Amino acid sequence: MHELTAEVVSVRQRGEHGFWVTGFAAAEVAESVRAGQFVNILLRPGPLLRRPFSVYTASAEGVVEVIYKPVGEGTELLASLRIGDRASLLGPLGRPFSFDSAWGSVALVSGGLGVAPMPLAARDAKAAGLRVVWVHGARTSGELQSEWSGDELVEATDDGSAGFHGTAVAAVPSGVGAVLACGPNRMLAAVAERWPEAQVAVETYMGCGTGVCLGCAVPKLDGAYDRACKEGPVYRAAEVDWAALPSQLHYAVA
Amino acid sequence: MHELTAEVVSVRQRGEHGFWVTGFAAAEVAESVRAGQFVNILLRPGPLLRRPFSVYTASAEGVVEVIYKPVGEGTELLASLRIGDRASLLGPLGRPFSFDSAWGSVALVSGGLGVAPMPLAARDAKAAGLRVVWVHGARTSGELQSEWSGDELVEATDDGSAGFHGTAVAAVPSGVGAVLACGPNRMLAAVAERWPEAQVAVETYMGCGTGVCLGCAVPKLDGAYDRACKEGPVYRAAEVDWAALPSQLHYAVA
Amino acid sequence: MPDLGVDLGNLKLGGPVLAASGTFGYGTDVPLLDRAKVGAIVSKGIFLRPRPGNAPVRIAETPSGMLNAIGLQGPGVEALIRDYCPLWAQWEVPVLVNLNGESADEYGELAARLDGVPGVAGFEINISCPNVEQGGIYFGNDPRAAAEVTAAVRRRTQLPVWVKLTPMVPDIGVIARACVGAGADALCAVNTFVGMAIDLRERRPRLAFKTGGLSGPAIRPLAVHLAHQAARAVSIPVIGIGGIMCAEDALEFLIAGCAAVQVGTATFVDPRAIARVHDGIGEYLERSGLATLAGLPRYLPRD
Amino acid sequence: MPDLGVDLGNLKLGGPVLAASGTFGYGTDVPLLDRAKVGAIVSKGIFLRPRPGNAPVRIAETPSGMLNAIGLQGPGVEALIRDYCPLWAQWEVPVLVNLNGESADEYGELAARLDGVPGVAGFEINISCPNVEQGGIYFGNDPRAAAEVTAAVRRRTQLPVWVKLTPMVPDIGVIARACVGAGADALCAVNTFVGMAIDLRERRPRLAFKTGGLSGPAIRPLAVHLAHQAARAVSIPVIGIGGIMCAEDALEFLIAGCAAVQVGTATFVDPRAIARVHDGIGEYLERSGLATLAGLPRYLPRD
């Protein structure tokens, strides 16, 4: 884990639906981050707590990007950062997705801002020699992503305005060797039903991101709570007590 | 009084001693402001309360400037504003200096950041047909101002490194028709001793700047407290109970 | 626009957002604000006699808050009646007088003197004052003293009597019930929390009075909790106060069981705060498909 | 560098900045931090038996603060002794265990079980728990209950016994003196303040537990005042807690009469916060020409 005062090196706004992508010069993070991990960003002046963001891309040049929608205090401040501004980044944090070349292929299933960890997931999956199918769902065509990586892209919209008419979960082609998912907690619950062995990246509120506050409790079916920031945010889908995991978080709204 | 979301149109840093001057497009304020009045600036994100600043200059183009030194949360945020940024300005507030053409001449006595109201004081004095002598004091030559207006400039330094060797108060030429002063409360107390009829602009902490909180109490010799933001900040020097007025405020430190 | 009227039993308000005592003067110094949106004004705290107030420094900013120790500076009740009540009598917005004293008798005397004076719409009893007769213990910390002072005012007036509760008590419900028993028409929760800030250069408190009352957004979660506890404990209206800066903040209090709210420190930052909060509540109701504030579902499980 | 050592009577600390309970886990999960600058670690609160903790949502951010309702999640005392005490025994920095129970007996049993276990340097009694035997009244609000639980622990150990005070009381001095009378070696002031935040969409509290404890800079002026009041009331050391983010904040508590401080929420924001505060205190002393922290002039008029 590193803590660094990172300079903003790029800001781009993506798609009609207003996703923003901000890049930080954070070589130590870029080198070591794996798919599913996050950075905890401190905005000053700004709210008391850091805000966790999945690492969206990490380049050989040491740039780490995060993707978000300005929906509240933290994300609005993040969107107001300009090139040359600085923010403190803490990371990489959390347990990443794991990959097994024995799977042959993998489906990356994302809904809304759940795209965030997927470019790195595609990268790490390719590195493990896997064929990558990215399945992305949105409410309507205007909210679809234009950036993707992997061998195949499947798009789905709730209203059928583009791609598959239905959810991303329903659009996953059969025969994939494994499923990795990120999106609203509600969507992940649907993933869990169909693929208990899927790896899913959940969202919770976080106090510290480093394991000391116990604020990020993820209810598990065995009755225990563990820490999204430490044992998570990536879980085996069947482990999580989806009925007890709050589904109304802000990230998940998109 | 006006409240307006004003755009920053100029930022300049002045002198070795690090005074900053920020200009806002605030036509309503620029038109109506008189010397000694202030604007109350809201910085967001930033500290809860507004920060009061004397109006330094007001142009026919509708630009209002404030002068300050980054010494704390508010002034540091102010210094971080760039052209095109916005802040809420409330003003003009407070009772201004008054001028009487019968004086013939007036001495504007400033110490440190007490320069702030003086360009407007020079303007308003000239408009009243007065001859203007500006007497400015600093600790050392490096801290002197390079901007002044009026008919005559007298500089004074505590260490004698430039101009008169001594305080601004001691450097005031004899024979001026009236004295107006702004600077550390300690300096104003010295002004009060020599010229009981001088008009002085005092500094206090302010909660509201509009007269409703009673936080800006100025102790007067008659035993009452009144409001720096409403009855002040300009007082007849002899009215104020200088021993009871806190002299350790931050503005006054410079 | 939904109906934002509030029925407090013996007082009907045009809107649920009131001006908090000590943050609105006597109602004469707040420019820019659309007064039609002010539900009621609570005057700066008044004593029988004039008081000079505390020496400066009187305020200190803290994270998301401010400490104040104004010391109840004021002209005394006779000057209030002479200088301000005649103005209030001409205003649409009701003005309540915030009452302060050092004994239950002083509160009673104040109420008697002000009762019937045109322009006085009611009373808010500030029980955060020290009870000089009981050795300086605060009225607000002791259910018996709180009831006594409430009863003293109640006996002298038919006008609405509100009691403004002190926050630093282990169980606000006990005090709340005591005030209801003594005849209060509504409760206001809460007043400021006692705090202190230290000047590192002088190595002494930043305020000349040493301690001050903390207000502003910093206290909002504490105030919401206390107002909620009070609302659960009694069946008269509770008016929520503490750290309201915007409509969302006010709605926290309203959903937590308050009939109305008061806005204080926010007015310092934005003289139009009360109207902004009022409008924002209306927009929320509209977005939620609610025609009246009275119809807002509350979160108020009964004890 | 000035001498930042702190003498707490039966415990000497290398520095005045301690890790607050519940914000540092069991001391094993705080990377990046120079541990030589941690005066002592107070463990996450422990009960006799394992506890799962509360359902999420457990935390909510508020202006300059956060609410938490973790629910004292923990493995119970036996797992603590098995999994963590052996590690602590190898560390330079002393570790105190934060004790929690539902009756005075439970606190006593905990102390008895942990007394003598290598790695346990002392105890901090958390009296903010509800006393189940007395109908859920909080130990911390009642001087008799606070004394009882202090005495129960004191009887079972010679190790340092600290009592961590609850803030929501009208007079913290009364509780403080009760704890001293029952044998406390030091007092910690203060724990979190009870608060509530409302979710406007769901129209119910944001926390599943409904209420939570407010920590962070928002409470600092209140905590400084309470720690100061406690320090005035007793002659044993008081450890200040509440909203310390930087050295200046810690110095407010130290000048107000505290012997040391604990840093909690700041560690969430900056894992190196404790070391940063430690260094900043040293720099302040140096700038002030003071060779030792003990020599810092305090503002502590005696009652």
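For reference, chains read A, B, C and D in written order, and residue numbers begin at 1 within each chain.
What we mean here is this: a contact is a pair of C-beta atoms (placed from the backbone, for glycine too) under 8 Å apart; a residue touches a chain by one contact, two chains touch by 3 or more.
Please read these numbers as outputs of a predicted model, since none were measured by experiment.
> When you check each chain against subunit B and subunit D, which touch both of them?
Both subunit B and subunit D are touched by A, C, going by the contact rule given at the top.
> With chain centres taken as the means of their Cα atoms, state the distance from subunit A to subunit C in Å.
Distance between chain centres: 46 Å.
> Round to the nearest whole Å and give the separation of the Cα centres of subunit A and subunit B.
52
> Taking the mean of the CA coordinates per chain, how far is subunit A from subunit D in Å?
It comes to 36 Å between the two C-alpha centres.
> CA centre of subunit C versus CA centre of subunit D: separation in Å?
34
> At which residue positions does subunit A touch at least two other chains?
Correct list: empty.
> Do you know which subunit D residues sit against two or more other chains?
Touching at least two other chains: 60, 64-65, 216-217.
> Please classify the inter-chain touch graph. Allowed labels: line, ring, star, complete, other.
Contact map by chain: ring.
> Which pairs of chains touch each other in this structure?
So, checking each combination of chains, I get A-B, A-D, B-C, C-D as the touching pairs.
> Which of the residues in subunit A end up touching subunit D in this complex?
1, 3, 42, 47-50, 88, 90, 204-219, 223-225, 230, 244-246, 248
> Which subunit D residues qualify as touching subunit C in the complex?
Residue list for subunit D touching subunit C: 60, 62-65, 67, 138, 141, 168-171, 193-198, 200, 203-205, 211-212, 214, 216-222, 224-225, 228, 243, 248, 251-252, 255-256, 284, 297-299.
> Going by the contact rule set out above, which residues of subunit C touch subunit B in the complex?
22-25, 29-32, 44, 52-61, 64-66, 68, 70, 73, 199, 201-202, 208, 216-217, 265, 267-272
> State the interface residues of subunit B toward subunit A in the complex, per the touch definition above.
Listed in rising order, the residues of subunit B that touch subunit A are 45-46, 73, 77.
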